[in-house]
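You will see chain A twice below: alongside chain B first, and alongside chain C after that.
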Partner chain A sequence: MLAYTLVGGLLFGLYFGLVALGLNLVFGVMRLVNLAHGDFLMLGAFAAYWAYQLFGLTPVSALAAEVVIFSALGLALYYAVVPRLLASSDPEMLSFILFFGLSQALQALAVIAFGNNPRSIPATVFGRAPVRILGQAFPAAWMVSGVVSVALVLFVYLYLYHSRLGRATRAVMSSREEAMVSGIDVHRVSAAALGVGLMLAAMAGAFSPFMLGSIEPGMGTAVTTVSFTVTVIGTLGEPLGTVLGGLVYGMSLMLMESYLSSWANLLPYLLLIAIMLVRPAGLLARRARYA
Partner chain B sequence: MMRQKGLAGCVAIAALALIGLGPAAWAADAPAVLKLGTLYAGSGAFAVPSTSEHEGLKFWVDQVNAAGGTYVKALGRKVRLRLIAYNDRSSTTTAAPLYNQLITQDKVDILVSDFGSVLTSVAVPIAQTHKMLLFDPTGTGAALFSPDNPYVVLCSLPTSAIWPYALADFLKKFEPVRRVALLYATNDFTGSQAATLRERLRGSRVELVYDQGVATNTSNYAVLLHNVEAARPDAVIEFGYANNDIAFLQGLQASGLKFKMVFAIFPGQLFSLLRKNVSEAGLAYTYTYPTPPLLAYNKVNYGPGLEAFLREYRQKRGEDANFLTVAGYNTGLVIGKTLATADKLDQLALRRAVEQFSGKLFTLDGLFKVDRSGAQVGELLPVGQFLPSGNGVKMQVVFPFALATGKPVYPAP
Partner chain C sequence: MLKAVLTGVATVGLFALAPVFYANQTLLFSAMMYLVLAQGINVLYGFTGYLPFGYVGFFGAGAYAGALSVLRLGLSPVLALVVGGVVAVLVGVVLVPLLRLSGAYFAIANLAAAQALYYVVSNPDLQALTNGPYGINLAVAYNATASYAAMVALLGLALATVVYLRHSRLGLALRAIREDRISAELAGINVVRERTIAWLLSALLAGLCGAAFAWYISVFYPETVFSLNVSIFAIVFALFGGAATLAGPIVGTLVLYGLYSAIGISQPEYFQLIFGLVIVGLVLFLPDGLASLSERAGFEVP
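The block that comes next holds the complex of A and B.
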């Protein structure tokens, strides 16, 4: 049972890392808390669902379309609201209110568009035979989800550390003002980050029917809570720390479900409290230097 | 003398008014419509069953109004109904003030709670405080009913504490089952079923080898299923709401695990929803409590039979009714019968009227019978099993043996 729990925890951890990665990237670049993050994941989940229903596409095949749609949505959303938000006296606080409103609006629109019925993509879409690891059988969808998560984390790493736009993104994450002074087009970088953030959320959503259960319009709120927990564990504003946060969360969740299942849903809150008490800046936080 | 004559005249007029003209005068002052207040969940965890149930109640109100109203014995005539409904979004904190609003602001004549035990739990104390009879369609949690509260009547399902009676008896009498795993969501609805099953299996030859509660919003059962498998049960009983059952059965399919017997509640109540999410293959050989429309009660002495109702609902609404639609409609029938029986329109008179026809009323949902606490004890849910049939599945009742339409297929292939 322990072997199953640990391998399952690893696969779920990778997935939760992907779920929260976009949220942390957006926060790192813009210092805005996207409370609608889970709702974009929900939209990505519905996009994958309809791609399967209408065209018979598996969630992996639907990813290409999601990249285009949600990147464009992120760019549009950035230029529509973020520059005004950043110009306000307290953008972080206002971002809470604005994105909370957006979250509620997306949920209401999704109810109108899709109804309340929970929907699923058959778990057998990636094959009927489970995958065996350490003598334990795991659903094939978990493996695919784990592999896609690793690939997307690698993509974000290459984007941030091996591309010109990524280097500019890190500069903005370090100091928006200094980046601006050094000639970086901060708006272009931030818009790209929001585009990538929403794209990652939507791609995580494509696998949510297998990892989080049936999809329905109200699922985003819980997803945002989990994403926030994972982000805080892995350090706010440190996108790759999110992977560590995801692994800690995934392992803890599986251990709780195995040995204390009645309490498993308390986990996000318990972990948040614990990290706040023990290491408030997150596991990967660098020590602050005061000149 | 004249004065005495005058007094006698006044008394005579008063007596005439009370005996003969009284009801007519009362009827003249009576409201033109009766207000029926309820809540429904337009979104959130209970949206699917709640909206179905609400549609059933609405259908009954529309039907009654199309026929000129429902007969109200206390007024001696038919009265039309006005349905006032608010959206509680599956939230008890939203529901509580809305129930209050229905009673104190809208001043409804009849109060009906939302779907299920969770959303009914906040209505029960509010109704009791305001001395308002609560017609409860499907809030079956045992804790909702007590003999000292006359202000609640469960209409369309038995109290959840007695749901597993037939299931427990089946497990005890079905020879191949000796080791049972019990997995349940920790809410009043499924918690009380788990408690009943545990109690009724105690001391029998059947051993509970796994007994675990999970949060009601659990959406991933993969690890739990492996824990269950480690206990090597002959039967797995999963008690949850529809979302739990979907997640459980999906997880089972994805895991590749096979159990000899699997039981879940909602395949028998929300068949089409479960079929869409789990597929026919995922439901094949699953055991459940079959309810209308999967189960038809032949003895009906009030309202339409199941077939007639299903046909008319399809015709007028353009979609198929599920069990929760039947439950909402049946609640309307119970309200109609109450109004047709009660001599007065005060809330305790309505409750007394319910007692008068309790045990004698047979509707498309079976026998309506309540105990002293208002809990429904008339219907006993049998145990059924889905079997493959053509491209789909069909339901067969397997227990009680007297009602059985077939033998259980065990172990599941």
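The block that comes next holds the complex of A and C.
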């Protein structure tokens, strides 16, 4: 039981890290709170669902299409709203409200386009044989999700720490003004970050039928809350900290579900409040944010 | 001041007399309920800048506290309203530490608190106390006329609170804190005390409103009174009209709730789409709501 919980917690933790990664990247670069994060994940999930239904593609093969669609969507969204938002009186608070409106609109569009019926992709697309670790059997889909999550985190690491664009991105994260003064094209960097952020959300969405439950238009709100919890645990504005946040969250969720299941759905909220009050800057804190 | 009082009296009078001319009392009741909640949000967001995304937590706490004090303690419904308000204030006291957080952090933490409260109240393990996910049946105390009157009175209280804040030292101090906390502190304002007062006032309004809702509706479930939509409606209604004014949330509620009752019930997804787009447009083009349009035209909004 404990071995099962721990390995399961690890796999889910890696996946939750991926779920929240895009949210944190966007916040880190633009100081914008993307309350529609979970809804982009929902759209990614629907994209994977239709790729499977119409072309028989597995979620892994569907990822290529998601990269193209959602990074383009991110770029378009950036130029449509963000420059105007950043010029306003209180970008952080107003972005919170704006992306909330976007989230409502996306959920409504998804209902209009796909209906309210829950959908799923059979977990057997990755083969029927369970994967054995430490003598415990796990669905192959969990393993695939975990592996893809690790690969994408690695991609974000390479992007941020071993590319020119990434170096500029980190400069914008630490100070937008100074980056601008030193000749970095802040808009280009930020647009790229929003593109990558939405892309990561959508790719996480492709595996949501195996990890989060059925695909439905309203799933995004809960996903956004979980992403916030994970992000805050792992430090807001510190993308790679999200991985740690995901692991802490995944492990505690699995432990709660194994040993105290009727209270398990309280966990994200209590963790979020506790961490915000005790260590508001997250586990890898550098600076606190008090009002 | 005179204009504000007249606006308030006219609004309360309108809702007090409306059942005579208009048969759908539940619609009127809900409109009043959202008006009270929008003004409650206004007390906090308009005057302090804290956006309580989990505002519904106070509403739900008030609804459950009021209903349970009738069912379990045998209190009279009017007394139960008071209990609902008091319990919401107590929840507010517990959550006072959240005020240390700023901006979006506060909004998210507050949302998490409301969700946590929902999962506690609806937990099957607590069925003996709250009846868990199976909801509340308050039919023993059902009285549509009296509970409607209670909500009219509450509306008066909510509007009076906003008028008071707009014309008192407390309201001035709160707005000073919102604009620039450090300068306000230097001017001798007790920042922590003033914003705590606004927070608890706002909680009180939502708690009373929740208890009145429970009394009127008489059968409800945890997901009814802890629905995130309640917070969201109230926030958007207040912002749409214009926060920190008296008339803004009134106009915002009447327009948007009117729209909701026209199409939101039969075609919720289309309403949700319009609602979402209104919010996006509002932030991009009119961040201070309709009130700022009328102020630009030279008409001062009460």
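Criterion: the second predicted complex is superposed on the first by the 286 of 291 C-alpha atoms of A that agree within 3 Å, B and C clash if a C-alpha of one lies under 4 Å from a C-alpha of the other, contacts with A are read in each partner's own complex, and residues count from 1 in each chain.
We adopt the following convention: a contact is a pair of C-beta atoms (placed from the backbone, for glycine too) under 8 Å apart; a residue touches a chain by one contact, two chains touch by 3 or more.
Since we're looking at a predicted model, the values are computed, not measured.
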When chain B and chain C are modelled together on chain A, clash or fit: clash
Which of chain B and chain C A:Met173 touches, first, second, both or neither: neither
Which of chain B and chain C A:Gln107 touches, first, second, both or neither: both
Partner chain(s) touched by A:Val196 [first = chain B, second = chain C, both, neither]: neither
Which of chain B and chain C A:Val148 touches, first, second, both or neither: neither
First (chain B), second (chain C), both or neither touched by A:Ser258: first
Contacts of A:Arg84 with chain B and chain C, given as first, second, both or neither: second
Touching partner for A:Glu92 - first (chain B), second (chain C), both, neither: second
Contacts of A:Ala206 with chain B and chain C, given as first, second, both or neither: neither
First (chain B), second (chain C), both or neither touched by A:Leu277: second
Colliding region between chain B and chain C, picked from 3-11, 21-29, 93-101 or 237-245 after the shared-chain fit: 21-29
Shared chain A contacts, counted only where both chain B and chain C touch the same residue: 107-108, 111, 262-263, 265
Chain A-touching residues of chain C, taken from the complex the two chains share: 49, 51, 97-109, 111-113, 115-116, 119-120, 123-125, 181, 228, 232, 235, 239, 269-273, 275-280, 282-284, 287
Interfacial residue positions of chain A with respect to chain C in the complex: 33, 81, 84-85, 88-90, 92-98, 100-109, 111-112, 221, 225, 228-229, 232, 262-263, 265-266, 268-270, 272-273, 276-277, 280, 289-291
Residue ranges of chain B touching chain A (in the complex, touch as defined): 42-45, 47-48, 51, 186, 212-215, 217-220, 222-224, 226-227, 230, 242-243, 246-247, 250-251, 253-257, 273, 276-279
Footprint of chain B on chain A - complex, ascending: 1, 4-5, 8, 107-108, 111, 116-120, 122-124, 128-130, 136-137, 139-142, 210-214, 216-218, 222, 254, 257-258, 261-265
